[in-house]
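See below for the structure under consideration.
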Amino acid sequence: MNPVNYLYLSALLFTIGATGVLIRRNAIVVFMCIELMLNACNLAFVTFSRMHGNLDGQVIAFFTMVVAAAEVVVGLAIIVSLFRSRHSASVDDASLMKL
Amino acid sequence: MENLIALLVAAPLLGAVVLLCGGRRLDAVGHWIGTILSSASFVIGVVLFTDLLGKNAEHRTLMQHLWTWVPVEGFQADVTFRLDQLSMTFVLLITGVGSLIHLYSVGYMEHDERRRRFFGYLNLFLAAMLILVLADNYLLLYVGWEGVGLASYLLIGFWQHKPSAATAAKKAFLVNRVGDMGLSIAIMLMFTTFGTFAFGPVLSHVGDASEGKLTGIALMLLLAACGKSAQVPLQSWLGDAMEGPTPVSALIHAATMVTAGVYLIVRSGAIFNAAPDAQLVVTVVGAVTLLFGAIVGCAKDDIKKALAGSTMSQIGYMVLAAGLGPIGYVFAIMHLVTHGFFKAGLFLGAGSVMHGMNDEVDMRKYGGLRKYMPVTFITFGLGYLAIIGFPGLSGFFSKDKIIEAAFAKGGTEGWILGGAALLGAAITAFYMTRVMLMTFFGEKRWQPDENGNEPHPHESPKTMTIPMIVLAFGSVFAGGIFGIGDRFLHWLEPITGHEEGNSPVSALTVTLATMVVLVIGVGIAWAQYGRKPVPAVAPRGSLLTRAARRDLLQDDFNHVVLVRGGEHLTRSLVYVDHTLVDGVVNGTAASMGGLSGRLRKLQNGYARSYAVSMFGGAAILVAATLLMRAV
Amino acid sequence: MSFPLLTATAALPALGAVATAAVPAARRTAAKWLALLVSLATLALGITILVRFDPGGDRYQLTESHPWIADFGVRYELGVDGIAVALIGLTALLIPFVILAGWHDADPLETGNKRWRPTQGFFALILAVEAMVIISFEATDVFLFYIFFEAMLIPMYFLIGGFGDSAHEHGDEAAATQRSYAAVKFLLYNLVGGLIMLAAVIGLYVVAGNFSLADIAQARADGTLHMATNTERWLFLGFFFAFAVKAPLWPLHTWLPNAMGEATAPVAVLITAVVDKVGTFAMLRFCLQLFPNASKWATPVILVLAVISIIYGALLAVGQRDIKRLVAYASISHFGFIVLGIFAMTSQGQSGATLYMVNHGISTAALMLVAGFLISRRGSRLIADYGGVQKVAPVLAGTFLIGGLATLSLPGLAPFVSEFLVLVGTFSRYPAIGIIATFGIVLAALYTLVLYQRTMTGPVKPEVASMPDLRPRELLVVAPLIVLLIFLGVYPKPITDIVNPAVKQTMSDVHKKDPKPSVEAAK
Amino acid sequence: MSATAVHSLWTTAATAADPISKIDAPKIEYGQLSPTLIILGAALIGVLVEAFVPRKSRYYAQVFVSAVALCAAFAAVVALAADGYGTTKAHIAAMGAIAVDGPALFLQGVILLSGLVGLFTFAERRLDPEAHGNRVDSFAAQGASVPGSDSEKAAVKAGFTTTEVFPLLLFAVAGMLVFPSANDLLTLFVALEVFSLPLYLLCALARRKRLLSQEAAVKYFLLGAFASAFTLFGIALLYGYAGSMSYSTIAQVVDGSITNINPALADTMGNDALLLIGGAMIVMGLLFKVGAVPFHMWTPDVYQGAPTPVTGFMAAATKVAAFGALLRLLYVVLPGLRWDWRPVMWGVAIITMLGGAIVAITQTDIKRLLAYSSIAHAGFILAGVIATTRDGVSSVLFYLGAYSFVTIGAFAVVTLVRDAGGEATHLSKWAGLGRRSPLVAAVFAVFLLSFAGIPLTAGFAGKFAVFKAAAAGGAAPLVVVGVLSSAIAAFFYIRVIVLMFFSEPRPDGPTVAVPSPLTMATIGVAVAATLVLGVAPQYFLDLANQAGVFVR
């Protein structure tokens, strides 16, 4: 089947992820949405790799995963510490600083 | 000989500097220093005069170049003095009368602790006035012109603690500034027309200039003259100027400074001759003023103000004469000189009266003073006779000549001007008689003032009477000396030029007419003030009288139009400056602040809204990029 | 190469400023004396420039030129023409008086704080301003000029905001707020002007490729550098705006009354007599030289603005209740005359304008400093609070009067000559404008005499009854200024001789000839 | 390898394929990468130090290691530059992954210096009063412990200190070193993450006001990750368009100068949408890092919440690195697209300049104020970026150099002004500082004036350079806008000065802590740089000029 469809899918996933970031309150969920966006990118990479017939795209996919993992580590650490001090993981609660 | 000219100015200038910077240690001798230096100047004047008499007419112009004042590309002003018959006449008048009045002041100001300063100012005035008449170009003349203005400002306001005096001084200076504006514009016009403003080149090249320009110059000069010589419409300051000490009124506001306008016109005769329209205006101004002043003089009860009115009117005669052109120049100056004598004498007399009456100026509180102060009475009386033109006395010669000349102008113009002059003569006779009667005749009308001390009229000290006597001699004989055999005419002619007008009426008729109106004037006055006692409080009087008491409402006009209007203007401008000009800027700043305040609301602290802005931004970025490609 | 006289003249006060600032808190008198000596030494250097300068010589003399920021096409180029020499002289001359007059203005109220050294700061700042003003008069490189034209704002800003006199009708608190408002206003106005000029400076670089006045003029002359009409006009406007703010020209003037009103009298003198001159000077040197065509194009508008400034400033001066603000508005009126003279494009006008800058500096200094002494005695700036001073303090009143007479440009005092030259110069090309401007002299008389009458004459007010007359120090400040006023009034030749050649140059820069008189009279 | 072979990878997975020809080992120029490698190595050592060195001596060990590493790396950069790698020998190293050229070396130098200066402020331990006899720095005793909890008190009592910040700093620096020199999209992305992640952590580690600190970290992290997701997607699209990651190839594809076209790419290459969208998204990611409107909103919050030393370092170094990467992307990869991105960047630059300046007017917190000022400055730098001339590059380089020092200095001063609650960052507290301690106030005034671009300060020289380049590059309107916004900006810088010098000190006002030589050094260097770059910038301008060329 035409690989271009995978591109559409990845775009869709990316958009879903972005929307999630915009609408969800819970930091964890927001974070997962971001992961979703990254994975959408991965899909795009792999698809292009398939279309172009070179390996770079797939290699990058692995890099992306690693980076995502790293982000998880850092991100969760931060979010957890925030949760522990506030007993809430809502990103909206964290709005002491404004204006 | 030329080198002496500078000394004429230097002597009083030195006096001014010494007296004003000398400090209290000179208080004891200050007045004598001043008097000596002014008399020194007079002596130098006499020396130069004899020297001039020694030369024949065409070599009687001495020049002294001192230094180059303002050298700028295409613009050259020198400090150069020019002594010719005209300026010589003035030098003698100024220094002569000046010295006498210095002497007089020694006595008059005896009890004033700031006498030194007073003499400093007087010397300053002499210096400035001499610069005025000796200057060889209009810019230097302008220096003297404003210099005398400053001196008169300082002297009118000499008793600064009196608000009235301070105000009068300010008024005098301001009104004069308006005139000075005219002078400076005239100079600019000369510069653009002739490329210079030195007497020689300008007056000799008048022929090449267009009449329009010349008329403009002439009118501007006239404006200046009106300011200095208190001619309508700039006459309003002279009456108030009487706030100054009486010697000042005598010297500056009667004998010398106020005649500077006449000097200016006569000096610039060539220009006026080439601008007949301007001349007409001059004559009109003169005529109007001589009536105006006379009328005002009739209504005043304040002896000095009455004399001030008369001064105005007499200068009106001179300006009228000057406006007649070569027919009248000489007589204008001649009347100026004789007037210098008798008017100064009258003022000194008035001063002497006030001196004896605890500075009372209201003539209604005088009466019968002739027994108490005989010398003053006689000298004043002689001055009186002179001014009303009693046959044989100074005024008779000079004034009649002017009236003749007025008629000699010819045509309806001549009739009108002549008529005005005659009428003026009648009124003069009336109000001067009035002054005379109210002051020296009748019986005493003075009462003890609120704190009970009654004035004890007494004759003034020698230092005061001597000058009065001298001036009285002048008032009696000067006219004769000048007039008989046209001596003065021959003396001045080379400078001013002279031509006989074709008078429709003979000189004799004019003289007779003058006599008649004189008698009428005196008669009416006697009828009103001589026969029946003068009321101690002024009657309400006719409308004209009341208007005349207030200088024919001219001040009220000024006050409403200029003063009030000006106040409103400045106040509103201050408001505008603060709200509008400043407001625009502050407004911008404020609006920036407001905008900032609204924008920072976007920073609401919610991470998600930040994300929204990022997402939107990204979308716009992408869209824009694509759009760029599309277009 | 020879001794860098110009650099030295600017560097000396700069170093002096550093040294003064370094004086320990306790030794504030030492700081005063140090500052005074430095300023006097600078005056000596200034006089040396005056002497070394040869009116007949090249246009720019005593030149120095070193590479500076090649990348911006900027060189460290100094050089003086007659106009600059005159103004450097003025600056160097006035600063000692300013320092002497401000001798006690910055004495700290509480001397406990070891860190807070207002006195040192005050005099250091004054010297810093002097240094920057002098170098901006000397700079023949546009960028170099711009740098100091801008940098000068900072010390001025601290002088205004940090040391105003607390004589305020609504008490010290109000005074403090008023003061910082004035300081900020001063800074922002001039900064905005400067920034707009910066855009023009950059534009100039893009067009010309370097900043050297001489090179650009040369390039324009031999046609290697051609400016498009519109470019030139925009650049001109950019420059002129900054100078018009500094000068200040209506309607950009409103910062001046605040600044002069709130600052101490010596600082006010510094503003109006020294710093503002840089603006008018720059119009003459940069606007006309760099953009002659645009200058001619803009002349009508500028002349109108100038006339408005003259009349408007005078009228507002009449309406003031505050002595210092009155002087400020009077200055606005005078700056109108200066600009008028510059853009009348006649020799008389421009010589007059230059002369005017000098004379106005001296006369305002005289008037303002005496006013300062007066205010310091009574602790109020309101005219209404005075009256009859003449009786208790005649010398003070006398000097005040002379200062006032100079302000109304009485003949015989210096300002008259320059004012008349400006008027004649304007009149010979634009009669109508010349006549309107002449009304200014009447208004000048009005506000000066009203001020004098209200403060000095009339019955003695009880508050001023015990007012001491001028002290020796104060007399030492005023007397020389008055002598100078009189001397330059009767003998301005020394200055005009220096100025004339420079003016001739400028006139040829803008390709203008004086209008010929309609009748060529035999001189 | 051939396309068919690739296909066989997943089509014919089951069947035995012919053996893949072996991949030859990559060639790495270690010498030329030494700066990055040194830092990374040091960072790893730092981690080991955390593991094995006793707690008491960790601080000193870490500071020593980091300082040495930074100095060594800087020395390496200088050596490389001196060796001509900035100019003549500039080339692409590490199999096309890293560019070693003028801009790269210049920016690396700047980053290392600001890293070093930043390190000093990190290591400052005299500002806070000693807790239980232990010197404390500005970082939380124990990041994990809940604010205000017993565990935190215990940690403080035990004198714990988060010495991990030093390795984190080093990692961040390493990432920043790579970022501007990355020569393919993958490296770009990895570098981005490598320097972002440690910064997220550092933001969370403030000793005082920990809630704010954590909040800042969360915001920064989420938004940062969000942005990098966009970047990554953009990378994907570009890769899809050009079929390669390497800048040079993409550039060739963009301007159509590529030879030997792979038939598989033909259709995507035609599709400019991929290119444009992809480019825009990558640029957006970078604009986020430089804090350009409308991607700036994290800046004030993060700057305010993060520990001030971190803020200072971040504000300086991140901008430098990000602008470096932006320059390379726009000048090396997308020059062929200039006519598409320039107008867009115009818009961004304008709203950034104005937005930053205007919003700053009403700020009441000194750190937020500086944040907005940094936004405005980003706008000014963008003006230089848009010039797209060699002059533009060098002017931006110079500006970055000048700006980074001033920024670090300013934030270092902010750390000094303290009251009971730690740093007194509310502007009202700064009233009358000039009376209390004229010197500090004066120094801060110098920085502010430099920000405002007053002549004789670094800020002016930089601004002039950038505007000059922009005007010469045909962006005169930008210059005018820039000038106007500088005027607006001047207003609030002045406000602070007024506050410090002309308003009465408040009785409850803050005290100025006397710092250790470390912070003093930082501030001293900053002041020196501000004045030297302002008065005699020629040498550094030359440097930037030589460094003005990208290797392709």
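Think of it as A, B, C and D in the order they're written, each chain with its own count starting at 1.
Note that in this section a residue touches a chain if its C-beta (ideal position, glycine included) is under 8 Å from a C-beta of that chain, and two chains touch if they have at least 3 such contacts.
As the structure is a computational prediction, the values presented were derived from the model and not from experiment.
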Chains touching both chain A and chain B, listed by label: D
Pair with more cross-chain C-beta pairs in contact, given B-D and B-C: B-C
CA centroid of chain A to CA centroid of chain C, Å: 65
Chain B-chain D separation of Cα centroids, rounded to whole Å: 81
Separation of chain B from chain C, taking each centre as the mean of its C-alpha atoms, in whole Å: 37
Chain centre separation (chain A, chain D; CA means) in Å: 23
Chain B residues counted as touching two or more neighbouring chains: 589, 600, 603, 605, 607, 611
Set of chain D residues in contact with two or more other chains: 218-219, 222, 226, 230, 300-301, 491
Sequence positions of chain C contacting 2 or more other chains: 188
Listing of all chain pairs that touch each other, if any do: A-B, A-D, B-C, B-D, C-D
Residues on chain C engaged by chain D in the complex (per definition of touch): 67-72, 113, 115-117, 146-148, 150-151, 153-154, 158, 161-162, 176, 179-180, 183-184, 187-188, 191-192, 195-196, 198-199, 202-203, 205-206
Contact set on chain A toward chain B in their complex: 18, 21-23, 25, 30, 91-92, 94-99
Chain B residues within the chain A interface of the complex: 600-601, 603-608, 611-612, 615
Residues of chain B that touch chain C when the two form their complex: 20, 67-76, 79, 139, 142-143, 145-147, 150, 153, 157, 160-161, 163, 166-167, 170, 173-174, 177-178, 180-181, 184-185, 187-189, 191-196, 201-202, 204-205, 208-210, 213, 566, 569-571, 573-574, 577, 581-582, 585, 589
Touching residues (chain side chain C, partner chain B) in the complex: 188-189, 250-251, 253-254, 312, 315-316, 318-320, 347-348, 351-352, 388, 390-391, 398, 405, 410-412, 416-417, 420-421, 423-424, 427-428, 431, 434-435, 438-439, 441-442, 445-446, 449-450, 453, 456-460, 490-493, 496-497, 500, 503-504, 514-523
